[in-house]
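Input: structures, listed below.
Common to both upcoming complexes is subunit A, partnered first by subunit B, then by subunit C.
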Partner chain A sequence: MTRNSFYIKSTAQISIQQPLCEDWMENPIWYDSNYVRSLEPDYKQYIPPMEARRMTRIMKRSLTTSNVAIKKSGLVLPDAIITGTGWGCMDNTEQFLEILCNEGEQLLKPTLFIQSTHNTISSHIAINTCNNGYNITYSHRCVSFDMALFDAYLQYKFGKIDSALVGSHDEVTPTSFVLLKKMGLVGCDDEICGEASVSTVLSSTPSDAHSAVAAIRIIYKPSVSEIHSTVNQLLADAEMCTEDISAVMVGISGNKTTDNLYYDIVDNCFRDKTILHYKHVFGECFSASAFGFYAADCCLKHGYIPDFLYVDKSQGMIGTPKTILLINHSDGKTFSFILLRSV
Partner chain B sequence: MGKPIFITGAGIVSAIGLNKQEVLSSLLAGKSGIADVRYLDTEHREFPVGEVKLTNEQMIQMLDIKPDAVTTRTSLMGMLAMKEALDDANLTREDIHRAAFVSGTTVGGMDKTEHYYLDFINNDKKNKYIVVHDCGTCSEMICDYFGDFAFVTSVSTACSSAANAIIRGAAMIRAGLFDIAVVGGSECLTKFHLNGFNSLKILDTELCRPFDETRSGLNLGEGAAYLVLESYDSMRRRNVKPLSVLAGYGNVCDAYHQTASSPEGEGPYLAMKEALEDAGLNVSDIDYINAHGTATPNNDLTESMALKRLFSDRIPPVSSTKAFTGHTTSATGSIEAVICILAIRNQFLPVNLNWKNQMENGITPVTDLHPDKPVTNVLCNSFGFGGNDSSLLLCSSEIYDKE
Partner chain C sequence: MDELILELKNEIIETLNLEDMQPEDIDTDAPLFGEGLGLDSIDALELIVLMEKNYGIKLRDASKGKEIFKSVRVMADYIEKNRTK
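Let's turn to the complex of A and B:
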C-alpha cells in the first residue's frame, strides 16, 4: 500500500468567522477594523464550566476545536497529537511579564507560568483526551502549522503512525497586536488580524473522508530555481502534473511586502492557474496558514469555491475543484507547499 | 525497529565547559558548574545556578559578530555549540545547503523581551529586539550564521525540546528526506523562567541533590548543544567517522498533569520502552542511563518508579548530571546526549554529584565513575512539563569503526 494520501477526516475552527461551522462559505462576516478577536462559541457545550474558568482563551479554543475534530472523525485516540503555535500562550506570558517588569520578582503566580509555555496546548489536549501517543509542538513563526502537518504526514508516509490530530493555535491579545504591528507582521497596510484555532484529524482510512493531503514540501531560503524544483518534486511525490492542479491558494493578506513574494511565485510557476486567497476572510496571525488548509478542505469537501476566495474572478472560475495547492511563506525565508486533493 | 543514525559531530556549551574537552574534564574531576548568580540580572540571589561563564559581549567577540548586531543569549550560546559540532563533522557550506536544522527552545528571545518589554509596548519607535522574541527567529539566527540550510524548524516541548529536535531530525533522515541534520537545543537563563520555577516552589537554595532522600528542588542552568546526524551512506561518501550512533528514540505524553508526573511514571516508562523497541535492544543491553533526574521530589520518585517497572531488579547504572550543569531546560536533551557520547567514547560513568542518602522507593545512582562492564548502549531521558517525555538510545560506534 502506498501511503501518499493522508485522509482528512475532520476539521474544526474558531476564528473571526462563525465558530465550529462552515457558515463562512455562504455568509462570510466582513470587518472594517483591522483588529478583531475570534468569535467564541458557547464553551459550556464542550468544556465543564469549572474547568473552563481556569483556562485562557487559547486553551479553551484549542481544546474545543480538538475535541470537536476528534468527535467528528470518530477516532477517539489518534496516534499522535502535533501542534503548531507561533507565539504560544501570549495572554499568560504578557500578564507574567507585566508583573515582572512593573512589580519585580516577588509576586509571580504559578498558574500564569504553567500556562505560558508553547507546549501547554498540545499537552493539555493529551491530558484531556488521555492520549499517551507521540506529542510535539512546533513554534516556527508563520509556518508553525505547516511544520506540524509536515511531521504528521511524514510519519504517516513512512508507517510510524496511522492517524494524527494536527492543530495550530495563536491568540492575538491587544498587546500582541501592538507588537506584531510594530514588527510589520500583522495589521499592516490593508491587512486584518485574525486569531486562529484550527484542528484536523487525519487518518490512513479513506472512509467518510472527502479530501486528503497528497504531498508536502518545505524549503528554507530557496532560490527561484529551487522553488521550481521543489514544486516539481511535490508534484512527483503525488504522481501529478501542473495540469492536475485546479487552483493555487496563497497567503496574501493585504501586506504589500509579504504579498509580493506570493505574486512572484505565481508569476514564475503558476501563471495560468486560478489563484485563491483566504486571509481577507480569516485574517493574519502566525497560525493563519492553518486557515488556508481549512478553507481548501472545505472547498474540496463541498465541491465548490465561494466567489470571494478568487483573487481575480476574471481569470475564470472553476466548477468542482479536484486539487488545491497551498503556498505559504514565513518572512520570505521558509516556503511551504501543501497539496490537497479530493477523494 | 528503525534504521540507526550516525552522529558525526557534537558541540556543547554549558556551565561545566565551553566544548567537549572541558566538559569531559569536569565530568571526570567531579567538578560542578553550579554557583552563585553572576550573569543573570535577578533579585533572586538565593538560588545557585549553572551559568555559562561568559558575558554576551565575550561570546559576540568569540564569534566575530558585529557588536551592534541583534543577538540573544540563547542564539549566541547556540552558535558557539553548533560551531564545534560542524567543525567536528567537517561540514562544508555545500553540505549545509542540503542539510536540515532542527532546534529546540522555549525561552527564545525572552532575555531581551523581559529587559525591553515596557519599551516594546510604550515606545513608538520599534525596539530592535521585538523581532527576536519567538522560538523560530532564535533557530534562524543560530543556523544563518553558518550558511543557508535547506530546512529549518523549531521544536518547543519545554524541557524535552532538544530531545524532540534530535528525534525529528533523525526521523527525517530515516525517511530519506535529508542525509544530514544538525539538531539540538539552546536555552539561556531568564528571569521569566527562574521566577516561574520559583513560583512553583521547585528551586533549591542549596546545591541540588538528584535521587537523594533530602532532595528539595532543582538548580536551573543554561547552555546549548548540537549534534550532526547523518545517514550511513552520507557518512561513507564524505569519509567521516561517527562519534556515536543514535539507535532509537521514544516520544510519548504522560497525559497526566501540566507540572506533575503520573505516580507510576507512565510517560517515562513508555518513552524508554519505545526507545528500546525502536533500537531493537533489550533491557539487559543497556549499560548506563542518564536520567532526567531534576532533583524535584516528584520527578525523581516517578522516574525511579518507571525505571523499576522497566528494568525490575536489574537496573543498569543510573545518574543525573543536573548537579554538574544545572537543569538546562530546553537544551537539556542535547546537552545530556553529548554527555552520554562522552561517557561511551571515554568509557566512564558520569557520577550523580551530591548524593548521600538513599531515597525511599528510589534508585541508587552512580557514585563511582569506573564502570563494571563496557559502556556501549545508553539511554538518555528528557521529560517536559505537560508530560512531553522523550528518551534517546545512544550507542557506541565501535562496530562501524572496524569497517
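Let's turn to the complex of A and C:
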C-alpha cells in the first residue's frame, strides 16, 4: 500500500469570518481595520460551562474546532494530535507576567501558570477527547501549521499512524498586536491582523474525503533554483507534473516586505499559473497558513474558487480545481510547499 | 460575619470564573469540593492564593485546606479568626 495521499476527512475554523461554517465562500466579511479579533461561536453549545470557566479564548476556540472536526470526520480517536502555534496561550501568558511584575513574584495564580505554555493547547485537546496517542506541539512562527502537518504526513507515510488531528491556533491580544506591529510582523501597510483556529482530521481511508495531502516539502533559505528543484521533487513525490497544478495559493497579505517574496517566486516559477490568495479574507497571524490549507480544501471540496481569491482575475479563472499548490514562508527563511489534490 | 460571607462568595465567583453564578446560588453551608460546588484541586490552589492576597493568611500546611475549604461559612470563620488585613 502506497501512503502518498493523506486524506482530509474534515476541517473546522474559527476566524474573523463566520465561525464553524463555510459562509465565507459566498458571503465574506470585509474589514477596514488592520486588527480584528475572531468571531466567537456560542461556546455553551460545545463546552460545558464548568469546564469552560478556566479556558481563555484560544483554548475554547481550539477545543471547539477540534471537537467539530473530529465529529465531522466520524473518527472518534485519531492516532495523533499534532498542533501548531506561534505564540501559544498569549492571554494567559500576559496575565501571568503582569501578576509576576505587580505582585513581586508572589501570589501567582496557578491556572495562569499551568495554562500559559505553548503545549497547553495540544494537551488540553488530548485530555478533553481522552486521547492518549502521540501528542506534540510545533512552534515555528509562520510555518507552525506547516511543520505540524509535515510531521503528521511523515508519520503517516512511514506507517506510524493512520489518522491525525492537525490544528493550528493563535490569538492576538491587543498588547501582542502592538508588539507584533512594531516588529513589522503583522498589521503593516494594507495587511489585516486576524486570529486563527483551524483543525483538520486526516486519515488513510479515502471514504467521504474530498481532497488529500499529496506531498509536502519544507526548505530553509532556498535559492530560486532550489525552489524550482523542490517543486519538481514535490510533484514527483505525488506522481504529477507542473501542468497538473490547477492553481498556486500564496500568503500575500498586504505587507509589502513579505509579499515581495511571494511575487518573486511566482515570477520565477509560476508565471503561467493561476495565483490565489487568502490572507485578505482571514487575516495574518502566526497560524494564518492553516487558512491557506483550509481555503484550498474548501475549493477542492466544492469544486470552485470564489472570485475574490484570485490575485489577478484578468489572468483567467479556472473551472473545477483539481490540484492546488500552497506556498508559505516564515521571515523569508523557511519555505513550505504543500500539494493538495481533489479525490 | 454575613458581610464577610457575601464578600467571600463574590471573590470566589470572580477568582474561579463562575460566570453564570450569583452569590445567592452558592449555599453557605454546602461543601465547596466534590458534591457541592464541584470545585477541584486547581481551585483549591486558587483559593489559597486568594486567602493570602486578600486577607494576608498564609496556609503553610496544605492538608489544612481540606478542613478550611469545607464550606463558605467555615472558610469565612477561619478568615475572621486569622486575617492580618
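Convention: the second predicted complex is superposed on the first by the 341 of 343 C-alpha atoms of A that agree within 3 Å, B and C clash if a C-alpha of one lies under 4 Å from a C-alpha of the other, contacts with A are read in each partner's own complex, and residues count from 1 in each chain.
The rule is simple: a contact is a pair of C-beta atoms (placed from the backbone, for glycine too) under 8 Å apart; a residue touches a chain by one contact, two chains touch by 3 or more.
Fair warning: this is a prediction, and the values are worked out from it, not measured in the lab.
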Partner chain in contact with A:M50 - subunit B first, subunit C second, else both or neither: second
Touched partner set for A:L276, first subunit B, second subunit C, both or neither: neither
Which of subunit B and subunit C A:A247 touches, first, second, both or neither: neither
Touching partner for A:P110 - first (subunit B), second (subunit C), both, neither: both
Touched partner set for A:G88, first subunit B, second subunit C, both or neither: first
Of subunit C and subunit B, partner touching more subunit A residues: B
Shared contact residues on subunit A - subunit B and subunit C: 108-110, 114
Parts of subunit B lying in touch with subunit A, wherever the complex brings them together: 42-44, 106, 108, 113-114, 117-118, 120-121, 126-127, 130-131, 133-137, 139-140, 148-158, 164, 168, 171-172, 174-175, 177, 191-193, 195-201, 251-259, 266-267, 270, 384-388
Subunit B contact footprint on subunit A (complex, rising order): 81, 85-88, 96-98, 100-102, 104-106, 108-110, 112-120, 122-124, 126-127, 129-141, 143-144, 147, 151, 154-155, 157-158, 160, 175, 178-179, 182-183, 218-221, 286, 330, 333-334
Contacting residues of subunit C [partner subunit A, same complex]: 16-20, 38, 42, 45-46, 49, 52-53
Subunit A - residues contacting subunit C, complex: 49-50, 53-54, 103, 107-111, 114
